[in-house]
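The letters A, B, C, D and E name the chains in turn, as written, and every chain counts its residues from 1.
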Amino acid sequence: MLPLLSLLISLVTLVVARSSTGTDVLVIVSAEEQKDYTLFFEDLEGRGYDLFFREPKAEKPVLLDADVPQFHHVLMLASDTKAFASDITPQNIVELLTKNVNVVVALSPKQNLFYTLAPEFGLVPPPPGTPLISYFPERTDPPTVLPVHVAPGPIVTPNTPPVWFSGIPFSVGNSPLLVPILNAPSESFASDSDSTTESIVESVEKGGEGLWAGSSLGLVTGFQVTDGGRALFLGGGAILSDAFANKALPDGSSSGNKQIAHDVSAWAFQESLVLRIDETSHHVVNATEPKEYYTTNDQVVYTTKISRWNAKENEWEPHTGVDDLQLEFTMLDPHVRTGIPEDLARPGTYSVTFRAPDRHGVFKFIVDYRRKGWTHLKSAITVPVVPPRHDGYPRFLSAAWPYYAGAVSTSVGFVLFAALYLAGETKEAGKKKKE
Amino acid sequence: MATAYTLPDISPTAVKNTASLVRIVALALISGAAIASRLFAVINFESIIHEFDPWFNYRATKVLASQGFYEFWNWFDPTAWYPLGRVVGGTVYPGLMATSGVIYNVLHKLNLPVDIRNICVLLAPGFSALTAWATYMFTKEMKDASAGLLAAAFIGITPGYISRSVAGSYDNEAIAIFLLMFTFFLWIKAVKLGSALYGSLAALFYFYMVAAWGGYAFITNMIPVHALTLMLMGRYSSRLYVAYCSWYAIGTLSSMQVPFVGFQPVRTSEHMGALGVFGLLQIVAFAQLARAHMSSKQFKDLLFYSVIGIGLIGAGGFVGLTYMGWIAPWTGRFYSLWDTGYAKKYIPIIASVSEHQPTAWPSFFMDLQLLIFLFPAGVILCFRELRDEHVFVIIYALVGSYFAGVMVRLMLTLTPCVCVSAAVAFSSLLDTYLDPAKPEVPVVEETAPATASKPAATATATGTSAIDDVVNAAKKSGKRGIFDLDTRLIIVFNAFCMLSFFVLHCTWVTSNAYSSPSVVLASQNQDGSQHIIDDFREAYYWLRQNTPETSVVMSWWDYGYQIAGMADRPTLVDNNTWNNTHIATVGKAMASTEEVAYPILRKHDVEYVLVIFGGLIGYSGDDINKFLWMVRISQGVWPDEIQEPNYFTPQGEYRVDDRASATMKNSLMYKMSYYRFAELFGGSKQAMDRVRNQRLPTVSPTLDYLDEAFTSENWIVRIYQVKKEDPLGRDLKSANAFTDGKKRKRSKPVSRRRAIM
Amino acid sequence: MLLLGPLLFLAAAVNAAGITLQSPRLAVTASDGETLRSEPLSLRHKALADVTLNAKDTLKITFQAYDSENSKGFQPQQTFLRFYDRASGEEGIQPLRVTPSGKVKFELNMARPPASLPATTEGAPVTVSLILGHPGFTPLHAPLFDLVLPASQPVPVHPEEHLYHVRPAIEHTFRPDPKQPPRFISAVTAALVFAPWVVLAGLWSTISPKVPRLFSPSIIPFTATLAAFEVLLVWYWVALRLGDVLLYGSVLGLATVFTGKQALSSMARRRLSK
Amino acid sequence: MAPKSTSSKATTVSPSSNPVLALWKSYNEQTPDRLRFIDAFLVFLMLTGVIQFVYCVLVTNFPFNAFLAGFSSTVGQFVLTASLRSQVDPENKNEFKEVSPERAFADFAFGSIVLHFFVFNFLG
Amino acid sequence: MHWLPALLLPLLVLAKDPQLELAELAEKGNGVIKLTPNTFELLTSSNRNWSAAIQLTALDKRRRCEPCKNFDPSWNEVAQAWHKVPKAERDNHFFATLDFDDGQATFQKLGLSSAPAVYIYSATDGPHAPASGRFGPHKYDFSSGFEAGPLAEQLSRHTPIPIPYSEPFNWGKLLTSIAGVVSFLSLLRWVGPFLQNKWVWAAGTIFTSLVMTSGYMFTQIRGVPFTGPNGSWVAAGYQNMYGQEVQVISLIYGTLALSFLMLTAVVPYQTSPGRQRVQVYLWTFVIMLVYSVLIALFKVKNRGYPFRLFL
């Protein structure tokens, strides 16, 4: 899309924008599927996003122009599509993510390029054509459409009712960058509906293609790219669809799909759980200016200011109440690791005082705060720690008094001796010579 | 009186004045020659700092000149030995920098805005002139002015000294040799006169020496040995006491003012000899005093018991203190001079330095040509009239020749002594054959040395031997001299030829062997014209201009100083090899696979890795040839991770072609050296390594964790950039596979249960 | 989910065809074939006593799946055993092989445990439950019993996992400051150092050197300059910098040389005049 | 040694059994006052040094540089003074041909000043 | 306990357990198995539950292999040391020696061009097989010399238990040194005057410095052979030399120095002009000749050297 346009839009929408990164969303979805998500799209637009739609096979608008991302967020709902336009490749999607673009990917039982994308994030989808099946709870719907209980977590609003899901599960790797949001019910498993017990049993045996079953599988999983954007993997796009949003649960109550759609998109588009370090400073106790060098055993004060994105107010606000922030003073290995308590006087500022190690070298103040679901906070400031200057050592120590006395008295003695010697008569010497 | 040839009759005073004038002129000319012959480097190449260490000295000097002495003293260099940093003030011999700093300031006071670099480049030649003068003074004490002039000429142009003092080799030795000779001169003077003034002066110059060069330990041990020998020869005198005590008392205290030396003079074995002799002198002096007041009988047993007793106490105390760890035993570097196998086994870093290799005879001849065989003759002559100062030269000759044999670099300490004694020999030859007196008439100037030597000779040589008889008999007969003119002429002519040959030799050696500033290389084109290979500076300036100030560069330690000096970037290790583990770490990174090396690189914040590769144009001093040392050094620290044999073929050959061992091929160093090397040759016909003379495999190694950043014109310097971790947390190998569009093999949910064995 | 299962099952049991089990049994046999335990299972409630399996034991579960309508064995599509560790949340799903007649004979041999078994910690039991499901049937999820398995290796964690939690604090241990002796002792010794002056005075008084020329004009300047030098040096120790002291020193040095020449030559004259 | 002094020795020394006493006796008898004046100073320096050394050994050597400075100032002064003594000793006249007593004192003064410079530089 | 089956096996099967066989062999050659090609195959058989260290050497006179002779004793010492460990462990590692003349084929198979060499084969199965799966042969590197100490230390990495080798205290050295001191002191009376003669010292000094300046230390430290393989005694190359060169060069230097001395110290004392002249010419000639020889030698070492004298 035209940069000018994007600029214009970003200017216009600056007021109502809710994401911390931007408002332009590219939705890659086929025309017929597009109708299934009207509610979701309305919700997004209501939150100030500008949606740009693109057919999976269409060439425009491009994701990247000369390696510059053209959108702030990309929504890949074209899950059933097999072939995509040339610029929609796993590599490009990863590149987008590293450039702080947020990507939502909906998978489906149909194999497509996302099947090669997901494993890069440690998410392994089941063999193609094997949707998630569950006979629990007994209901009239087909077994591939199932209500899933929402486990409490940082991302989804607490006690959200169960949500309808239809799609595939994927096994979730142990990478700490992964954020499980919605997991499969323990009775569910991935299989094509006409599979028999034999085939299922064989799948787990040696050489089988494996069994995707149980509550350890992910249905909706987030991924926080290191200093980059956020990726959200949906087992199936349907979870965002109008159909499921309006569909009542077996017990008649309304489903949580609307809610979860809102929450996960908010997380994925960096509205929620977004932190940043505003500033860090360091100086010696009762000084204000940072020193170029610190001397060993200095009392050093390290201060950092953390703020959090407030999507409602659409602004960065001081982030209070972090009690597990830690500072490392590192040369090769951390020499000091201490918690940084919050400075209650100034909200959002955290400050700690510690004694510099008695060992010189090039040290680094390192704050590396990572919590699942949150953006990572990383700050490293290099500062040399030097030994005291030649005149930096204590002088006139009591222990050395005798030595000072010795030196002085020798000098005095020398002067006196010289005076008397010079003044003395040289006669005796002469006499001795004579005798 | 009858003379071999007619002498113009000139008044003795006139002769004296002319002689002194000639002497001054000669000295001036010698200084000129000394300086001139060291300028080949500037003429052939340019006014540039040479080699490795000089680059650090130059950098330090700039700091000193720009920020003043106190700042220099407290200078902490965070870019060296990253991230350990280096307390430069406390780990250098500041004498060199201080000297050029002073010169710089003086010149600027005189409104002569000279660039500090030129001062540094020309410091060594300047001081070589002073060395010539000092040698002159020293030799004058040995024999006479004419010998002195010869010695000055010798030291002025002998390659053995030029090799370390050409223009641009801005190293401690540049000024140290002058200080060495001058301190010795003052010492000899002090012993001769028994003057505390000369003793104190010797101490002052000793202090300068300590501030200038680690080799001061040579003085610290030479002077005590001399004093001790004199005492053993029964030549103790109050003069010796005065000279030694004033030197030691002031010298030791002053030497401890140098931060780098610190308390060593009272804490380490290298310095204990001097202390012991000092103590011994006190005892003997007291004994002498006592003797003046007692009958010899009483004196004898008192002296005997006291000396024995105190000697025992002293020895016991020394042992005890060493045992308690108060006195450090010999440091490795020093110890390796005695136990020559020691270094290779325990301190490979030292053994790896080329100038620490033993000396084969050709380098002796190369450096000293005819002096090397005149030198024994001179020593014999010293024995003939065995005055105190001659004893000094003899000891020097003995010790010096041993050290020079053990280490190439110590040739430097031998050279002055060789020059002196050679000069003595040569000039006494000329004296004999130029002396106009004919033997018929009783010889008028029975030369001073002869007379002076008689008592000495008789005093010492109590036991008589045949040689003594010969010499003394000859002396008795008194008829000494040359009868005929032709013999005189042939000898003089002969001597003249030899000297001129010496000059030719020195000029040739200096211009061809010792004037290359290894930063810039020279090669001959087909038409014989000189072609300058400037890859090093090309690469260093690339770093300086294309990388951020703070990006850390890893390379083998040889290039640390140059990178710091020319590229101005932090380095992991440099030529000041004080931290074995850190160097071993670099060695390990170079010697192990990418996967192993990568964490090390990241931990040390390395952003660029620099390797020297000579395979393309046949530059033999490259890193592949130094690789085994890296392996050895890191093996010393991680014996079970790095093992030298794995880098050889099963037949025990060191190969880089397709027969090279797997460990070798996977090592980071190998990969960085030969990355894209085969492509350069179009892949079809195999790439040829001109240094190893081996054909490389047609497929060159691949790199997953590094990116090639820069390769210099002749591929001598190759710089690689270290990749960042993958933002998706994959290992870079699979990340690369993904970007290259390689399919990842399908995986399935894995069992999380691992049974306990 | 656990609580949900049985609840729904009860709710649904009324309207659709259900699955029931015929003669479900469990048996535990040791490696030498000795039967340690053998008892019928119930779908209604969990077995009271935990079942314990040792390293070489074998757990055997047998039953036949029945269609509750026409009460004949059939083959449900989903016949899973679920092992669930409530403490760690680890879960393993083991599909069971069912004969067309619905017969199930499952053997869990701890010598060769199946891949589906979850990682277990010492003493913590895993709940074993049976999951039966088939299109058109009321599904069944029945907890059978708690199973105590030998502990396994802990679940492998990602090398960077620890960065996502609070890490242990690190204190730097400082070198102890050099200890100072009590000032009193130092003071006394300092005083003691001056004691030899007494001796000196005594000795000199015995010798009683004649000092006729103490204030003679030729001597006194030399003495003064020497004294000045010492003062300068002490001053250097207290306050001055090196540069200053070298400057003053050089000036003073010249003076001293001059005065020294005066004094000493005068002395020499006197001496030789003798 | 000059033959003269030995001869005088032979005459003056009483046949005392204890060599030390004899030593002391003959010392007092035949040392010129000027030398004894110097010797007194030597004794003073020695005592000063010994006290410092004892303090260093028994109590603390913590500012080691201070100790070295103080101690070596006494030692250095001692040896310089001893040199002066032997140079002005008339008995050593023939040993020091070039060094007249005045020259000796000049050397002594020079040495001492240099020594004290380093001492105070090192005192910390 | 791993050796139990090893001991019981022969009773069960008729075929002799190779391990036992080897153990007996080792017993015979007390500690070191004297290998033949067959036993070599047996020892290094592909599935072995023992490890082995094999010294490949050429001790025969005709081979003129100095290093082999130097290394052999320390090898045997270490083997002895290993022989001391309890049989349980001992039979899991064998020391063996294969001489070139017994197994030329084997040498060729291993592609060995130089001796001595030590190959270490670690066990391929059984409890002692290395986890790394690198069964060798590992080649022992002689970078730390031929001494027994480092050998034992490095081999211990491959043996089931460390080799209990301890440097034998060198009584001989101590005694000889003591004896030397004593005899010196006792002889002092007669040696004394000799020692007080300065010309003795002069001779000593001159000799030392001559030897040193002719590169003696180089030959010592590098341990270069006395002459080249093909009898040539001048090593090619600037930084390289043979033992014999030291003698030749120091002789040359000595001669030159001597003739200078003669010209300076002896010739002038001649009483008759004739004899003096003869001597002067003689010594001058000697100097010219020997000096030219020296230059010629130097040209051999340093090809680029442009100057030459009469030859």
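Methods note: a residue touches a chain if its C-beta (ideal position, glycine included) is under 8 Å from a C-beta of that chain, and two chains touch if they have at least 3 such contacts.
Note that the structure is a prediction, hence the values are computed from the model and not measured.
Enquirer: Which number of steps is the smallest that gets you from subunit A over to subunit C via touching chains?
Expert: 1
Enquirer: Which contact partners do subunit B and subunit D have in common?
Expert: Touches both subunit B and subunit D: A, C.
Enquirer: Indicate, using Cα centroids, the chain positioned nearest the centre of all protein chains shown.
Expert: Of all chains shown, the one whose C-alpha centre lies nearest the global C-alpha mean is B.
Enquirer: Averaging each chain's C-alpha atoms to get its centre, pick out the one most distant from subunit E.
Expert: Centre of mass proxy via C-alpha means gives A as farthest from subunit E.
Enquirer: Let me spell it out: compute each chain's centre from its C-alpha atoms, then which one is farthest from subunit C's centre?
Expert: D
Enquirer: State the pair with the higher C-beta contact count; candidates are B-C and A-B.
Expert: A-B
Enquirer: Could you please state the distance in Å, as a whole number, between where the Cα atoms of subunit A are centred and where those of subunit E are centred?
Expert: Taking the mean C-alpha position of each chain, the two centres sit 63 Å apart.
Enquirer: Go ahead and note the Å separation of the Cα centroids belonging to subunit A and subunit D.
Expert: Result: the chain centres lie 78 Å from each other.
Enquirer: Just give me the whole-number Å value for how far the CA centre of subunit B lies from that of subunit E.
Expert: 30
Enquirer: Please output the residue numbers of subunit A that touch at least 2 other chains, ranges allowed.
Expert: 175-176, 211, 216, 397, 399-400, 402, 404-406, 409, 411, 413-414, 418, 420, 422, 424, 426, 429
Enquirer: For subunit D, which residues are shared contacts with two or more other chains?
Expert: Subunit D, residues with two or more chain partners: 33-34, 37, 41, 44-45, 48, 51-52, 55, 59-60, 62, 69, 101, 103, 105-106, 109, 116, 119-121, 123.
Enquirer: Which positions in subunit C are in touch with at least two other chains?
Expert: Touching at least two other chains: 92, 115-116, 156, 160, 180-181, 186, 189, 192-193, 196-197, 200, 204, 209, 226, 230, 233-234, 242, 267, 271.
Enquirer: I'd like to see which chains touch which, written out pair by pair.
Expert: A-B, A-C, A-D, B-C, B-D, B-E, C-D
Enquirer: Which of the residues in subunit A end up touching subunit B in this complex?
Expert: 90-91, 94, 97-98, 116, 119-121, 124, 171, 175-177, 208-212, 216-217, 223, 225-228, 293, 331-332, 360-363, 382, 384, 386-387, 389-390
Enquirer: Quick one: which bits of subunit D touch subunit A in the complex? Just the residue numbers, please.
Expert: Touch list, subunit D to subunit A: 32-34, 37-38, 41, 44-45, 48-49, 51-52, 55, 59-60, 62-63, 66-67, 69-71, 73-74, 77, 81, 88, 90, 93, 101, 105, 109, 112, 116, 119-120, 123-124.
Enquirer: So in the complex, which bits of subunit A are touching subunit D?
Expert: 393, 395, 397, 399-400, 402-407, 409-411, 413-414, 417-418, 420-422, 424, 426, 428-429, 431-433
Enquirer: Quick one: in the complex, what on subunit E touches subunit B?
Expert: 110-114, 117, 137-141, 143-145, 157, 193-194, 196-202, 205-206, 208-210, 212-218, 220-222, 238-241, 245-246, 249, 252-254, 256-258, 260-261, 263-269, 271, 273, 276-277, 280-281, 284, 287-288, 291, 294, 298, 301-302, 304, 306-307, 309
Enquirer: For subunit B, which residues are in contact with subunit A within the complex?
Expert: 70, 73-74, 76, 78, 82-85, 87, 89-90, 550, 603-604, 725, 727-730, 738-739, 741, 743-744, 746-749
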